[in-house]
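Naming follows writing order (A, B and C), and every chain is counted from residue 1.
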C-alpha cells in the first residue's frame, strides 16, 4: 500500500492540530450524526410520542386530552391482553429455542462435506425470501385438519392420525411456532454454518489427536467458538418474534377466539381497527418495556463478557 | 428538487410541468376502497366509466384485507399526513366519527338536486348524514340474516329448509345422521358475531336486539334473555364441524356448494360464491331468511364518504356522489355483490330471486320496524364497542368452559368500559 | 484388524446414510409449502376445491400464471401484478443502496474511529431493530405530511432507509470489528483521512458484507407490506400491496390458483436473489459479520 507516499501533508501525533486535522477528528462523529439524529427522532422521538398518546383518551386519531394512566389500568383489566402477552412468551421462547437448535443441527450436518450442499442450503434458506402474506394461506391449508397434513396422512391409511392444533384453542399458538420456525431456521442455519466455517481447523484436529470423540469435540471446542453467532442469531430471532404480525394475521387470525393473539396484533387491532389509539399506545409501551427488560441484560452481559474474554 | 428551483430556468420548467400536470389531471377523484375481487372490481369499474364519460378522472386506490381493516389503516395514515383521498369506503357509525373530526365535506347541493331525501329510505339516509348534512352516499344494502342451503343435501337428509331455530336443530340432527355437516361456518371473530346477532334476533326479537346491540342498555346485555340467546348460540356449535376455527367464510360456502355441508348462515355476499360456481338461485342453491328472523332485516350498507377537498376535485367529487346512485351503476354493482340497490325505486326483474326477496323484505321490515343495523358488520355501534363485543362473543363461543352468565357479564363490562 | 476396519466402514456408511436422510427430510419440510403453492398454481379452480392439496393436477394449466401477471384485478385495474413490479423496484433499489452506504460508513466510524460513547451510540441505534413497525405508523404519517412526502415514493424510500440503517449498521460494525486495525492505525499515522482510509483499506475487503447487507435489505423492503400500503398512493403501491389486494377479498370469490401464481411471481426477485447469491451470502456471513 503506497498510502504514505501519496499523502501530501503527514500529520503525526503530537503536532498541533490544524483546522483540517480538527475536521478529520470530527469527521467520524459527523458521519454518525445523521444516523444518530434519525434514530433519536424516528425511534426515540416516536416512542416518546407513543408514550404521550398512551396517557390520552385518543380514539380514532390522536388527540391530547390526558387521562393519566387510565389506559394502562384498562389494559391490565383486559383478558385478551394477558392472553396475548403470555402467548408472546411461549411463542418467542419456543421459536428462538427451536430455531437455534434446528439451525445448529442442520449446520453441523451440512458441514460434513455433503454432496449437493449448495442446493440443500438454498432449500433451507429460501423461506426467508417469502412473505407471510400468502405463505400464510398455504400454512393455513396444511395445518387445517380437514384439508392438510391430517387429511393427507389419514388418506394414506393412518385413520387415527390427529394433527388439529390449528383449531384447538390451547394449541393454536404452537402452529405459529411451526410456521415461524419454517421461515427463519434456515437463516439461522446459514449463520451457524458461517460460524463453523470460520473456526480454525487446527483446533479441531488437535482435539482429535487428543482422542476426543466427535460429540465431545463439538460440545467442548466448537460450541464455545460459536457463542458470538448465537448472539447474532438471538438478536435477529428476537426481532422477528416481537414483530410477528403477518404470520398471525394470515395463519390463525388470532383465533380460535383470541387464543393465539400476540401483542403486535393486539396493538394493531386496537390502534387501527377499533379506534382506540390510546389503549393501543399503552399496549405498545408495555411491549417495548418488555423487550427492553429482556434485551438490555442480555446485551449487557454479552458485550461485557466479550470485552473481558 | 428545492436546490434546483433556485435557477430561473428550472423554476420555469417545473412551473410549466406543474401546469401541464394539473391540466392533464383536471378534476379527478381518488377513491379508497376494498372492492378488489374480480366481480366487485368489474362492477366498480362501471362507476369509473360513468365518471370518465363525464370528463372526470378516477384514481383507483384499492386496499384489500380484513374486511376493510387495512384500508382503514391506510385512510388514518393519509388523514394524519393531511392528505386524505377524495372519497373513501366508510360505513355506519364510523361516518359520524370522521365527521366529528371535521374531515368530511358536505354533499347537500347534490342531495337536493337529486332529491335524496325522497329517493333514499329514511334509515339509509340517516346514516349518510352528519350534523344534518349529507357527507356520504350509499352504494348498496346487504342483508346479513340469510340462510343458504344445498337442496340435494337437504333432500338426502329428508329435511326441509328450517324456518325456526328449533327446526334448525332438528334438521341438523337428521343431516348429521345422513353424514353431512349441518352448518358450515368459519371460526373468525366477525363470522362468530354474524351468527350470534342472528341468533339473538331469532330468540329475542328486534326490539331487544336494538336495546342490547344498538343502545347498549346494560340491563338488556346482562338479562336472562341475553343469557338464553348466548346459550342457544353456543348450542349451534354442535351443528358445526371441528375444523372451523380460522376458516374463511367462502371456504365454508364452498362446503355447501360441494355438498359436504347442508347450510350456512351468512350475508348475501355469499351469492357471489354460488354464482361463480355456476349455480342458479332457487334451483341449485336455496336462500331463506335465517331461521326465526323472517320479520327482520339486518342491514349492512356500504357507502362512500366524501372528504373535505377544494376546487376542481370537489366538483369531481360531487359528480361522483351523483353517479353512485345512477341506475346503471346500482344495477351492475349490486348484481355482482349480491346486495340490493340503495334506492328502492329500481326495477328488480333483472335480479335473481334471492335479491328480489331481499328487496321485498327490506320494504316490509322498513314499514313494520324490523329493520335493524348489523352489529357484526359495523352498522350498529362504534368500532371500539364492536371490537369489545367481538372479543366476548368469539371467546365465549370458542371456550368450552366459559358460562353464558359470565359472557353476559363481560358483555356489560365491554359496553361500559369503552364508553 | 480386518474386522475392525470393516465394522468402521459399515458404521460410517450407516452414519452417512442417516446424515443424508435427516438432511433430505428437513429439505422436504422446507419445500412442502412451496410444493403446495406450485401445484395449486397450475390447477384449474375446480380441481382445487375438489382434490387434496398435494394431488398432482389432472389437467395442468398455465392460465393462472398469465392471469396473475397481466389480467387479474387488483382493485379496478385488471392488469395483474406485473405493472407493480416497477413501483417496487423504484423504491427498493434506492432504499437498499442508501441504507447500505450509511450502514457501511457507520460501521466503519464505530469500529475504526472509536470515541467516548461510541459503543453507547451503537447500542442506542441497535434498539431501532426492535421497534414494532405498527407503533410508528401514525407518527410517521404525520412526519411525512410535515415533510411534504406523504404518499410519495421518496417518502417510502425515506421510511425504509430510516428503519433499515439499524440493521445495516449492525452488519457492517460486526464485520469491521474483525478487520485488523493495524493497517488503519498505520494509515492514520501517515495522516490519511477518514474517507481515504475507508476507500483504500476497508471498502476493498467489504464485498462479502455488502452482499449480506444488500440481500437482507432487499428481502426486507421487497417483502414489506405495512409501510408500502400505509404510505403509498394509488400510483406508487408496491407489488406486495397488489398481491394483498389480489389474495385478500372480503366479500368476493377467491381464485386460489391465481393467488398462488401471483405470489410466486411477486416472490421471484427475492427467490432469485437467494438462489443466485445464497452462496455469497453464507460466505459473507463467514467472512466476519457473525464473529462479533
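In this section, a residue touches a chain if its C-beta (ideal position, glycine included) is under 8 Å from a C-beta of that chain, and two chains touch if they have at least 3 such contacts.
Predicted model, so just to flag it, every value in this text is computed and none were measured.
Peer 1: Going by the stated contact rule, which chains contact chain A and chain B alike?
Peer 2: Of all the chains present, those in contact with both chain A and chain B are C.
Peer 1: If I count C-beta pairs in contact for every pair of chains, which pair wins?
Peer 2: Chain pair with the maximum contact count: A-C.
Peer 1: From the C-alpha centres, identify the chain that is farthest from chain A.
Peer 2: B
Peer 1: Indicate the whole-number Å distance between the mean C-alpha point of chain B and the mean C-alpha point of chain C.
Peer 2: Computed from C-alpha means, the inter-chain centre distance equals 37 Å.
Peer 1: Taking the mean of the C-alpha atoms as each chain's centre, how many Å separate chain A from chain C?
Peer 2: That gives a centre separation of 14 Å.
Peer 1: Provide the list of chain C residues touching at least two other chains, using ranges where the numbers run on.
Peer 2: If we look for residues of chain C contacting two or more partner chains, we find 137-138, 140, 244, 247.
Peer 1: So which stretches of chain B touch two or more other chains?
Peer 2: Within chain B, the residues that touch at least two other chains are 66, 73, 76, 80.
Peer 1: Going through chain A residue by residue, note those that touch at least 2 other chains and give them in order.
Peer 2: Expected reply: 61-62, 147, 268, 272.
Peer 1: Would you tell me which residues of chain A are touching chain B in their complex?
Peer 2: Interface residues on chain A, with respect to chain B: 59-62, 74, 77, 79-80, 140, 144-147, 164, 166-167, 169, 172, 249, 251-259, 268-270, 272-276.
Peer 1: Hey, which residues of chain A end up touching chain C in the complex?
Peer 2: 1, 3-4, 7, 9-13, 24, 27-29, 31-32, 34-36, 38-39, 42-47, 49-50, 61-62, 102, 106, 109-110, 112, 114, 118, 120-131, 133-135, 137-139, 141-142, 147-148, 151-152, 155, 182, 186, 190-191, 193-195, 197-198, 228-229, 231-232, 235, 238-239, 242-243, 245-246, 264, 267-268, 271-272, 277, 284, 287-288, 291, 295, 299, 303, 306
Peer 1: Under the definition above, what is the set of chain B residues touching chain A in their complex?
Peer 2: 66, 69, 72-73, 76, 79-80, 94, 97-98, 101, 187-189, 241-247, 382-384, 386-388, 391, 394-399, 410, 417-418
Peer 1: In the complex formed with chain A, which residues of chain C make contact?
Peer 2: Those in contact with chain A are residues 19-20, 22-23, 26-27, 29-34, 36-37, 40, 52-54, 102, 105-106, 109-110, 113, 115, 118-119, 121, 123-140, 143, 162-163, 165-166, 169-170, 174, 183, 186-187, 189-196, 200-201, 219, 223, 225-226, 240, 243-244, 247, 256, 259-260, 262-263, 267, 270-271, 273-275, 278-279, 281-286, 288-292.
Peer 1: Mind pulling up the chain B residues that touch chain C in the complex?
Peer 2: Going by the criterion above, the answer is residues 30, 33-42, 44-45, 48, 58-68, 70, 73-74, 76-78, 80-83, 248, 250, 254, 257-258, 267, 269, 272-273, 276, 337-338.
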